[in-house]
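Order as written gives the chain letters A, B and C; numbering starts at 1 within each chain.
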Amino acid sequence: MPELDKYRLFPTEPSVRSLSAEIYSTVKDLPIVSPHGHTDPRWYAENAAFPDPAQLFVTPDHYVFRMLFSQGVSLDALGVPHADGTRVETDGRKIWRLFAENFHLFRGTPSRMWLDHSFREVFGLTGRFGPDTADAFYDHISDCLAKPEFRPRALFDRFGIETIATTESPLDDLRWHKMIRDSDWNGNVVTAYRPDPVVDPEFEGFAENIEKLGALAGTDATTWDGYLEAHRIRRAYFKEFGATSSDHGHATARTENLPRSEAVALFEKALKGTCTPEEADAFRGHMLTEMARMSLDDGLVLQIHPGSRRNHSAPMMELFGRDKGFDIPGRTDYVAALKPMLDAVGTEPNLTIILFTLDETTYARELAPLAGVYPALRLGPAWWFHDSAEGMRRFREMTTETAGFYNTVGFNDDTRAFCSIPARHDVARRVDSAYLATLVRTGRLAEDEAFEVAQDLAYRLVKQAYKL
Amino acid sequence: MPELDKYRLFPTEPSVRSLSAEIYSTVKDLPIVSPHGHTDPRWYAENAAFPDPAQLFVTPDHYVFRMLFSQGVSLDALGVPHADGTRVETDGRKIWRLFAENFHLFRGTPSRMWLDHSFREVFGLTGRFGPDTADAFYDHISDCLAKPEFRPRALFDRFGIETIATTESPLDDLRWHKMIRDSDWNGNVVTAYRPDPVVDPEFEGFAENIEKLGALAGTDATTWDGYLEAHRIRRAYFKEFGATSSDHGHATARTENLPRSEAVALFEKALKGTCTPEEADAFRGHMLTEMARMSLDDGLVLQIHPGSRRNHSAPMMELFGRDKGFDIPGRTDYVAALKPMLDAVGTEPNLTIILFTLDETTYARELAPLAGVYPALRLGPAWWFHDSAEGMRRFREMTTETAGFYNTVGFNDDTRAFCSIPARHDVARRVDSAYLATLVRTGRLAEDEAFEVAQDLAYRLVKQAYKL
Amino acid sequence: MPELDKYRLFPTEPSVRSLSAEIYSTVKDLPIVSPHGHTDPRWYAENAAFPDPAQLFVTPDHYVFRMLFSQGVSLDALGVPHADGTRVETDGRKIWRLFAENFHLFRGTPSRMWLDHSFREVFGLTGRFGPDTADAFYDHISDCLAKPEFRPRALFDRFGIETIATTESPLDDLRWHKMIRDSDWNGNVVTAYRPDPVVDPEFEGFAENIEKLGALAGTDATTWDGYLEAHRIRRAYFKEFGATSSDHGHATARTENLPRSEAVALFEKALKGTCTPEEADAFRGHMLTEMARMSLDDGLVLQIHPGSRRNHSAPMMELFGRDKGFDIPGRTDYVAALKPMLDAVGTEPNLTIILFTLDETTYARELAPLAGVYPALRLGPAWWFHDSAEGMRRFREMTTETAGFYNTVGFNDDTRAFCSIPARHDVARRVDSAYLATLVRTGRLAEDEAFEVAQDLAYRLVKQAYKL
């Protein structure tokens, strides 16, 4: 598309297409609320210029470099840093040209849509990106990045972001969030509490992490009570920096609600590093229930993101470390896995637990039936590999009939790629508008209701669910 | 929809839409054959007026109250009875207003379609239901219910029901069915044989149930041979009241074909209440094969409905008991699970085993390939949470190419909500008409064939499969 | 369809339909490259006339006779041979009439599309097939089969087949391929290396097969090193007859990368026939990794086709033997199963491993994410029961967004039914054209790109992936 098609992602039948466009026109300019993501708070704190086009679009985006790698382009040639921080290729232009030569690989992918949208809408580039235009695009983007209006805060404001959440570990001192808070800029950047390093006995340096947690909290976290207290203290600290949620990304959805004695015993083994894999899994599962109980007190929304088998390739993990595109989804079961936690807190109307999945087979079979009855449960949007036109459509088609719209929580961009944020929210608003228009034109929803639901899905539900 | 859209659920492209409407027009008024459901035979026996709108539409319909509960409305406020039979809220109008205030929660759900259809078609109400119209709707429906033409038998006739099946336990004396048979009304209400209380060693009071079974059958059911004989006797008794099928709702699709000695041993343990969960599961699985063997003799159609994890919430089960919307589907495997039974009886052309699923992932992968080769197997329609426009579409798209149309058995409403019966059959007829029209317009089926298949799906196949 | 609809399988909305037709018109006449299938090389070698219509269309096609069997037609009446080779019904016309009487069973199935296409395009028959036309069709096809232009080689040329692969065991002497090579006909028929009889310890006569393998290779295959060497020698021999791939059809996707000592120990047990099922499975899994290592040396493409539970019915297997329509797909997990092999060779850019599945739930969840990052992996097309309009559409919708188009390998017909080859490729080309047109009309792909991708999917990618 030299030009972005203004009707993109709308059904092709004219009467549905025109209604989709009408609905979309009422939500396209709503503020962006991004309650879950992985942008770097340092960007907003220091507000420094982004280094170069390759480091903006290629090197940090696992969607982009994994596809190039899948067709034989080495991560070294793309300047992706090794686990030890070294980078082989550092010439942004070389990386950019390699990206351009292989741009056809992205045909039909959401990355292609996000990139086209960013080139056009963020940098005002026209014409198609490819080998012939690589240098022109590189030069233009480089020039832009040097200008003040392309600094992180300026883009944040221009993107119409009302609130964005980053994700930090309890061991993070939140210095960048402090710096933002103490600055004269009033962009609303909040943190979220992601405790993997201190709730996963198999996490590198678990015992030291617990020491550090205690030090930060000013309590002895090596006892069970002190450990739970340290979580409460850090959660309270995160709330000072806007946190309204915690975030939990285990390999499975397992929860446990263990008797205190068993929990204590597992915690002590975890500190000694003597947990079996099964025991480590049980401990992680139990901590979800503990976190839910803390949420009942402090009101943080509990997000559960299970199902990714992280760092699937042993040699790549050794060479390049985490988050290099080798996290592969696996089958995830929720019904038995969530029962212990749901028996403990699932009927609490004042608790919000948001479930995500990478296993679409659970939408209609498990997640919608669960969220359609338990007051504490809500469904997160189509996530990660499913953050796409087809993925979002399947999400609505497979969850709405059983869970309705009001047990869902709007859209999350969940991204590290700052410039893709408007593009991703745009895709979500288009897909939902198309879905609603289809319901109207097939006699399943009245037109005025569709416009109201569109506002809910694009704006109201996310603020309500995340208490933003 | 203030008015029901006459084209609802049809594809939007005009040429497909018009053909869908043409096909639908030839099936919409066919008699309703409802071979599987849970309406109360007492309604037809006593033919008493339905008490009030809330007790007709809200309190008995788990689809309705589970959705309200999921958004924080308590079951007490909806008048849902506790396990001990007590009800907190008994004012129908209060319940009705609460329902109306939350009616937006049903947007995009099949419940919404069924309710709109019933309000309009059964009670002649126009305008949209909601807080503003709650009282008017309540008063109008109440007035109607007081009239003779809204008694169960009158509605049965008006709905064009040719045959309806209810579901009873072998321990049921079928008194209501006797009363119907002895009445001057000639509505065809038949029973179905659902033996859970006497084939599931984990069912409350299993041993006493077996005693009772023997007493009803006039045989000693505490011996293996007497037990099987008691089943045969009760099945014969059910057949006197029109039964043409048995119905089996286990948590899994497991079947077994055990040597007699093992079956006897498990039965004796079951009577003593000493079965392990694994042994109880094996016994249930073996009984499916025994039931299939009995079907070879007495001709009852065997229905297998696996996959629901019943009563998922322990606290809700304790407080409110069974069937309160907490039955959650789980992953269900059929291929290995059904093998013992299929090796025993699967190639019998005179046996009919109807398979249902709550796990759509098995449609194309397992169920269609199995039903597409085993003469004894047929596929039940999209069921329970999948008894919806999208669910039915997926069923056809994922089963037809491998199993064809003639290994399916038409539609089941499977409902407790009497007034929703015409609405549900209407949805099924519309979705099938749309599917057939799509096949024609995409060159996959000739037009005259589509009209013939539409008759088969709406009427002929269900009578044939269920021997009605 | 008395006439084949020229727009069949295209979306119905006119603007998408016309673009689909435009795209299709540029690929419909491209040569057929069939890199994976099960036609009999003897046909091309001897070029004898096909015996009769029933033996051409009914008796050898498990899609056809399994559907008839599922509705009570016995395999004996269809002339399907017993395991001992005997056939009950041998009168082709009787079989054909039985087929015609039940032709309505195929409504909505791909078999119906393939048959209609073959009747029309291969035999020039007009009018609809059925009981009334059975004899006329039979006579016409019989007359055709007697003519030289309906001999295998003539049809091969007429179908526009550029290359076709058959599948042989390492124990096959490839005599038919020799005969083809030595003939004056220049049709390109290549073999593929399918080692099940000599890599599966549970295969009938495994030990004798290993003896035979050694004899054919001229090495002692009863030692581990000799066994691997024998594979290398036979693979080289197959390459002389055009083989560019090996093919592996295990029940699961399990791979192993065992220490030499363990592999040797399993091999010795396998020879003694003392492997437990678990050990046999581990050995099969290890051999996939060994085959991948050999591929690194000799360049053969490794095809993995897991997930079929073969010969599901014990009584049918006993009476009729293998490949009688009783192979049922089962749930298949790839993520953990492939890890050992992928850790060993997954990042090799010069290796090609093509993954197929019968479990569509793995498309978006596992296969696309894996193929979208591992350079050695490519996705095979929608396969077997999913080689259909809906199946192919789901394949594109569920894999493209994460794996793109260029990690897929075009279409395989995988068939035993020679006359269905053009029909199957036509369906694939139509479905892909429709998918691409939809992407264009929904603003996801530029029009010129769609035409280019269409060429890739219909012709270029298959040649590239299979090195043809």
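We take it that contacts are C-beta pairs under 8 Å (C-beta built on N, C-alpha and C of every residue); 3 or more make two chains touch, one makes a residue touch a chain.
Note that the structure is predicted; figures quoted are calculated from it, not measured.
Peer 1: What's the call on subunit A versus subunit C, same or different interface residues, using the half cut on shared numbers?
Peer 2: different
Peer 1: Using only Cα atoms, superpose subunit B on subunit C and state the rotation angle in degrees, rounded to the nearest 5.
Peer 2: That rotation is 120 degrees, given to the nearest 5.
Peer 1: Nearest whole angstrom, what separates the Cα centre of subunit A from the Cα centre of subunit C?
Peer 2: Chain centroid spacing, subunit A to subunit C, equals 40 Å.
Peer 1: Give me the residues of subunit B that touch two or more other chains.
Peer 2: As it turns out, subunit B has residues touching two or more other chains at 11, 13, 361.
Peer 1: Quick check on the complex: what are the subunit B residues that touch subunit C?
Peer 2: 11, 13, 15-16, 333, 335-336, 339, 342-343, 346-347, 349, 361, 364-366, 368-375, 377, 397-398, 400-407, 438-439, 441-446, 449, 453
Peer 1: What part of subunit A is in contact with subunit C in the complex they form?
Peer 2: Counting only subunit A, the residues touching subunit C are 1-2, 4-5, 7-13, 66-67, 69-72, 104-110, 112-113, 128, 309, 312-316, 325-326, 328-331, 358-361, 385-386, 388-391.
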